[in-house]
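In this document, chain identifiers A, B, C and D correspond to the written order of the chains, with residue numbering beginning at 1 in each.
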């Protein structure tokens, strides 16, 4: 193994991931063992901690975290399997200043990903909650990219990588879920809460008008 | 009594059922004492543990579980009454590889059971969450059968038995609820969460378009 | 005071009311200090325990319960004020076999009370959840009466009394809330959960079709 | 510093704010670190305690409260930054008998603020929940003012100040959130719960009819 992980940095990552995991689980944001979380440990070479695949996120354990490199390969011996989506996390770390990435499936993010799919992005504007993305411009207009939910995972990873926009801390996959990130876990949590709030609001407004906003 | 139950297997079953019961109760999935859960102990002859009828599922107790055979007859002396729906659990164990069966009533599963009743099934397709059913085909198309909510319980049981499809781990009863199952309690819980997610998503999309999906 | 209350019966009533109160509060069923609960202690003469007016139901205390007679007069010295709605509880105890009465305000019960007001009642039929009301007839058809939300409280009480139907354990007041009851606290809780489930289901179906069910 | 704060009054304010904060956070009413709460300590000169900007409200700490004067200037040395919205709290204290002010962002308050914006206010009438605002008139008709979400904060503050109506304990900002208040923390909480209930009810009714109520 070419990396040397310190016990302290491992413990920190595990604690951070467990804390967010439980909070988001309690809102119902990890249905059916879906979703995953990661936390960056080092930049060059890139390696990060990520929750392993297929575990019930309602249980806190120190044994569901894997440490991987930029190719999603474990950098320590482990019996755990990295999620197939680990490479998307890696793409995000490589193309943005993200320090923490959250991937969740919600009815609201699935709803907007489908309704706006032809459009190519969800348009966010004229909502106070945009400021929670740390975007403080008058008449800010944000485009959250939506990509097709490619069955071929290599294709999905490469399309995700192409669509990541460092200016907008999220990416949607159609009828699948959202990736959202921040420079640290605090920001990542704030961002995902802001996106989910806006999606729910927009869904309600579209249910009322019967039209795409 | 023709069966000999070991204390350890009984205790295991009670623990499993109580753990799932509390988690699902906390989501509001056992309204008005409705629903029931079962856990298979043995295959040939079939016998399984099942929650008894008419109890508030918000209370954890080791005394609400009954051990029954394939005809839903208690295999130990008990003052508890098996739910009338116990025979549906038995049908599922006989026709599939289920190790755990969950029956719940939710507004969303009632909604799709009514809207798609004429259709005979709820069509699931083009949603990432299908993978949580362990179905990993491109363009997977799943049909969740819906049967009439027969007032006559023998009729209900026999129709349920006929509609159970080993390839699709769920069965809907119109304006009543869902039976979902898995090879073990972990899978059963993942499956029911996946179905409920998809039903909620589909309901939202139908509320938006005003049409059946 | 013409009544003699035993310490044990008082304590039992307080415990029952506190237990239900907390469970229903946690679902958001007592918004803005609204709602109240009562528990019958004696039949002839009638007296019962009831939560006092205007308290936050999220706090458990043994000091928010009043003991009143059939005219809603305290039968023990107290600084607490019986809710103006205490007389409706009394009407229900006088006209039915209720042992426990629950009054809550929810968006869903307000919604159906308004939509069906001209009709005079909410029609319940063709739903499995009717069985949770202990009504086991094929093609059961239940009418939950709705009365106007009279500003004059004497008028409200007398209209409520006239509309109470011993065969249907609930009464709606338009854009106000529901009274539901059972022979004991267990039944009352089961009934209110069943009504709220059916109202939510019906609301969803009406949002989908755009028509009154 | 011209003010002398007693340790007891500081501690009381911190406790009150923390208690409300946690209760409202648990309902999801502080998404993405949004919102703030304040508690008045003194009237002439005005000074009050307020939660600081940009903190996750799910964490209880005694170190997130700032004490400010009517110009939103800290009256004690602090490293914390008062929220830009502190001046709106100050306006409310100056123009009403408020003792506690709550500012939250919810999908429902955003929804009505947008739907009724042209109207200038949300009309509340014919709902029992109006009584929770301590308004006990037959046919009460309440207008909750809505102002534009001005990007310029000085403008926002001055428009908010102009729109505050001492007879109606709330103010909406379009696609942003609500300010609601009461003479004390108990009343402020009751008022905000009443407003949110009515907004949710009205949203549902508008989704059903497809028209503005």
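Note that a contact is a pair of C-beta atoms (placed from the backbone, for glycine too) under 8 Å apart; a residue touches a chain by one contact, two chains touch by 3 or more.
Worth saying up front: this structure is predicted, and the values here are computed from it rather than measured.
Across the assembly, the mean Cα position most removed from that of subunit B is the one of D.
Because subunit A and subunit D share one sequence, their contact can be compared position by position; here under half of the interface residue numbers appear on both sides.
Rotation relating subunit B to subunit C, from a C-alpha superposition: 90°, rounded in steps of 5. Note on chain placement: the centre of subunit C and the centre of subunit D lie 32 Å apart, centres being C-alpha means. Separating the CA-averaged centres of subunit B and subunit D is a span of 45 Å. Shared contact sites, meaning residues of subunit A that touch two or more other chains, fall at 207, 210.
Under the stated contact rule, the graph of chain-to-chain touches is a ring, a single cycle where every chain has exactly two partners. Of all residues in subunit A, those touching subunit D in their complex are 23, 27, 126-129, 132, 138-139, 186, 189-191, 193-194, 196-197, 200-201, 204-205, 207-208, 210.
Contacts from subunit D toward subunit A in the complex involve residues 28, 31-34, 56, 58, 105, 107, 110-111, 114-115, 149, 151, 173, 175-177, 203, 206-207, 210.
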